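By written order: A, B, C and D. Residues from 1 in each chain.
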């Protein structure tokens, strides 16, 4: 069965199926946030209503309202859009950076490899949060800076994965064949090596998306995330934390949201890992 | 009190036995005939050196603070959660928390109680000249510094000269700009010469930045925590910024010794919910600050004493008139007109507070003058914007630092929603608290927290007089300064509030700021903490506090 | 694998630290007058700042300043913090000890729990236990630290009231205050360790030498203890070593949430206050920790895995 | 280590010690898990084994021979289950035993020798300790006595410096030495039955010969009963007393070695024997005429080619010529540098010194586009069929791409691909399928088609047959011969198997430690080798009995 069918067959596996369902669900919520959200997430109505309370004009605050009287459910829905957009953007930029450097280092080895690996090592040994804060305090909090910060955090890890795969594939005979047949280096990298690495990379992409979502949550939690009033899960936890004792709904629902998204992504990654990564037993 | 007013005046005495100031007798008569409220008259009399006991007798007011309760227990350590801030020179310290720390060890010439009545402190007595331009003070005898030196007029002269010196970084330079010279008369007496009459001078001497430091303070490095010499009831033993400060009771204090053995100030960071949790777990006894978001948490613990106090503290969202686009008054007016004060108070502070009127003077300030009510008018805001050349709206940025708590950011977000209705696209630039204090007077449109001041005039003096050290809005208006000087010179509270009206009106017309509400002040104490009274200015004297 | 390997490792380590120090110094002290404002406060006048810059040698060329700073750093003069007004070294020491205590306590729980789960799941691959451990691992590593902190606090502080909500150690050390932070750390990383141990154990159980051990007549328990474990624990142990840097500077969220005065909060506060000298010192300390643990984990790997051991007694004359 | 027994067919002169069988297996049946290609791994197998006898079980992979050995040891591979029949070791019936009882038998009364010697030993435990463990399990001995017994065992395995071997880790020993340690471990408790599961498959020729010699002595001198499992009929011919041929879990033929080898009754046995390429070069036109063809044109000339890896000189001053339409086989054991030589010629690795000329033009100094244009002349096919093709591209696309690189336009490249598919004997519809849909042999054919797409003058085959089973090897050899005749291809065949070299090459070069020790016409090198190393190679080649 060719590789394409492998994906479909994998998705049938329970872990991947649940993961795909959860992630798909949040994706739909993010895309259709305008339609799904019962209220305008930025509009203050009645402060600190408990979940299920009735709002003005027969409406119901299913998940209650926050300190500023904004509907928590609507902010969760729009928060999904923020997370999906920003986390994906960050992960894609990190991937672009990681793949290019990883391929070059893995294929050419020698000085290129030593230099790039050293830079990665330096960035990895830098305390990640100081990196985030320095970037954000220096440039000010905005979606672009969060993307930059998250990219800086994930690119080294992606570099290492791509480099390892490239080194392994480079020793395979079909690359030697391509070289002896006069294939150009760029074609070998992009047509022969990268597609074969895609299996493992897709698995890591799912995990990396999860880490980016967590990082955004942490930044929001520490008050370094997106500027108010952007609905952002981490920010919601940060805002609601002080009143959590009396109004747990302010923090529980955003935490459940982010955990479920990341769990979905991890399950998806784990489910997809079988056909692409580990050689079947026996 | 049926005593005929004329004869009543004769019962009044001054602390130093000097002749009564001519204004005293008419003021007492007005109070007795109920033409002005007796509390504000008592306050003015205390300025003029009249002994409070005699004044209360004449005006028929009960002796203040005759606490009947159980006898206070001596001893014990009080753990006070309060941020321990970076501080070297008390005269230039901007934060109230820091002033509360050194307040235990260094004292003031006068003491203003929570009813705004000025009492003798290091100055035993004082009396002003008729034209209120010369003030004679007599210091308390037998007071010793913690390093053994005697407390003399030399110390006071060193301090006052230091405040009003041209290079001084202390806000006192503006507050006491009127003082032209200080003339020591003898070991314990000195005279102050003023350029213009300032009736409330004794009350100003109790401002947070006016403690009397030892005369060799600057010679010994001008770093008080490192060389904590003081005349007060406690002695500072160790001071670590951001962590801990410890004061122990000092033997040989001139006054009545404090009840507590030791006060430990613990800096538990900016998360106030953490402080409440620590209080609930019995790890601490007293919190310095509680904001609206922790209120519901505290209500869950009935044994905790929730102390609340109306306060003139407020959030000032001011626009710098010398920076684009705020140099155009129509833009400023549009912002002020679109602000919905009720909504801000309701959502950001859950109605625990009093509405402001965009001029920083609180309704309960004695010298407040009621102006016609402020109405929100989005339509005219939109029209003004169009006239100013922004037909399809304008992009503005409000910088804030949540220095006192999350309600600052919430207030900002309500303003954001309000402005949106008028076509103003307001974005919030939230910076870490410490970071905000480095840019608070530089950002064109910023939200700054201002602490309580007993008098409206004190606030306007500090924040809006041209060239004042803390004039963050770079507001400079000759008519306003004149109105302020005029108000400062008037003794009679009734007349003074009329003069204040002009100053308030100018601030409103010039649309200097959006100042929506005066949030109530909360603090909370453990069950066993006794006689700790919340003070509107947050000036906590700890020597009367004891632990049951 | 020999002394040459160790020298090359040490050189790499040194170079990494130098590179990071240069990066940190450039980010924070390239712009000179920012430094002056930070140190003298926003009320200092321009000429005061200029005088201070002059006096502290900030007018020298950038590279010279960097070398001077590096020299000072190596000899222990880390400067005074602009926010705390205290010597940086005396600030960092107690905080490092606090975080070390938290990290130690966390490791004491994470390592046995993680390894035990991993081994049991690895031995009985495909069994119910294995599936349970995998699900536990995936779920716990997917919940961000601040979310699990919220959940645990809601459960143990707000609802059951068994534990204090805060670990400020305000009046002395209380073990009860460590329980929740360690709980959150364990939840987050025990699952990760279990997963790695499980896959390593499962792989080893399939290898030929385990079949040899069984066919020699070893009972299953002995096969696991004498043959499987020594091979299977090599990777997890090195991964555990790499958790140490995370436990020191990475757990800022947990320390901030519980107001635990550790190294993480100090780093966070320093960064918020852009407290230049403190950030430089904290960054260098965490880099040193990262690099040292990397070397330690390599040494541990070589020690556990004779194939990599250096200085072994030469190779028998085998065919190439 | 001399050669005790003379070469030649083993005439079965063994001494049978006693008639009663040590091990008797009746109707043993082992079930495969659901979803396997057949229901039973072992189907109603019966056999007997006596002391002092080697019973060889031979069959292709998947015939169930390993499942049988596992069942006899009471430890079938995961998923397999013994569902019937009995296994009796002298008087004890094994099939029903409890796990505890089985443990007293494994390693004590029945011991096993494994296929992958390096992997069968615990990498983190010294080998001596692994031997002594057997004594711990099955005997009560003091540690010093255990150590002494282990040393004696190592000494009896003719291993150098037993003290150091005792302390060494497996990665510090060679494949051969590890296998001797495993045999020592098996002999520790002097078991009644020894099961050897493909013990020499992973070893190279000379080491394989020594181990087989060792096992033969175990049978004749110490009278062990040995069950020898292998897929290589050459080894069977070398060592077996009796032979059982297995196919799909059933024994299709069992009998005395001489009778099964010379007059096999079952045609499957005949097929297996025929598939073993014989050592004698084929007579007839192939080898002789091409060499003396009229236009003798040298297509490849290699002079003094050398390559250093640090201080080691892997390829040392190699010089040879290759004429059009002829095949030169480079033979040598693993590590002699033959693969490095191939990679140097196609410049996958840059040589340290020496010249390579293709059709008279110097090949090594070309750079950039000129180099890419000229590399058409020399093409390579590789050893590992699974790694030689890009798994994501269809066979047709891979071949067409090669053609395009040689300058053919896209449309005609597609046509050339399908034409080459026919030429290498692959079904047309396979063009659009991915490599994973093909067998090992078919993948090599695609590799060949890809090489031919560039119309090369020289084809280098680097161990291209070693990963295939006997029948596929034979087919590929025929294909290469046919292509050589039709296209006049020059072939450089790199192999470790003398038989393969004998079957295809006109001339043979023998390499040892980076140097060519002997080169000449195939017939001459095989029948009257001049260099002692060549003689040793020829002598060690198993299955001489089949000549």
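Everything that follows uses one rule, which is that a residue touches a chain if its C-beta (ideal position, glycine included) is under 8 Å from a C-beta of that chain, and two chains touch if they have at least 3 such contacts.
Since this is a predicted model, take the numbers as computed values, not measurements.
S.K.: Suppose every chain is reduced to the average of its Cα atoms; which one is closest to the average of all protein Cα atoms?
M.R.: Chain C is the most central one.
S.K.: Consider the two chain pairs B-C and A-C; indicate the one with the greater count of contacting C-beta pairs.
M.R.: Higher C-beta contact count between the two pairs: A-C.
S.K.: Let me have the rounded angstrom distance from the C-alpha centre of chain A over to the C-alpha centre of chain C, please.
M.R.: 23
S.K.: Measure off the straight-line distance from the CA centroid of chain B to the CA centroid of chain D, and report it in whole Å.
M.R.: Chain centres of chain B and chain D, defined by C-alpha means, are spaced 94 Å apart.
S.K.: Averaged over CA atoms, how far is the centre of chain A from the centre of chain D? Could you give it in whole Å?
M.R.: Once rounded, the distance between the two centres reads 48 Å.
S.K.: Quick one: which residues in chain A touch 2 or more of the other chains?
M.R.: 137, 241, 244-245
S.K.: Spell out, as numbers or ranges, the residues of chain B touching 2 or more other chains.
M.R.: 271, 273, 432, 435
S.K.: Would you mind giving me the full set of chain pairs in touch?
M.R.: Chain pairs that touch: A-B, A-C, A-D, B-C, C-D.
S.K.: Within the complex, which stretch of chain A touches chain B?
M.R.: 42-44, 47-48, 67-69, 137, 140-141, 223, 227-229, 239, 241-247
S.K.: Residues of chain C touching chain D in their complex?
M.R.: 207-209, 211-219, 226-227, 230-231, 234, 304-307, 312-320
S.K.: Under the stated contact criterion, what part of chain C meets chain B in this complex?
M.R.: The contact residues of chain C facing chain B are 37-38, 42-43, 83-86, 157, 164-166, 168, 170-171, 256, 258-259, 261, 265, 269, 272-274.
S.K.: In the complex of these two chains, what residues of chain C are touching chain A?
M.R.: Residues 12, 15-16, 19-20, 23, 27, 134, 138-139, 141-147, 150-151, 153-154, 157-158, 165, 206, 245, 249-250, 252-253, 256-257, 264, 267-268, 271-272, 274, 279, 282-283, 286-287, 290-291, 294.
S.K.: Show which residues of chain B lie in contact with chain A when the two form their complex.
M.R.: Interface residues on chain B, with respect to chain A: 271-273, 291, 293-294, 296-297, 299-300, 343, 346-348, 350, 402, 406, 409-410, 412-414, 416-417, 427-432, 435.
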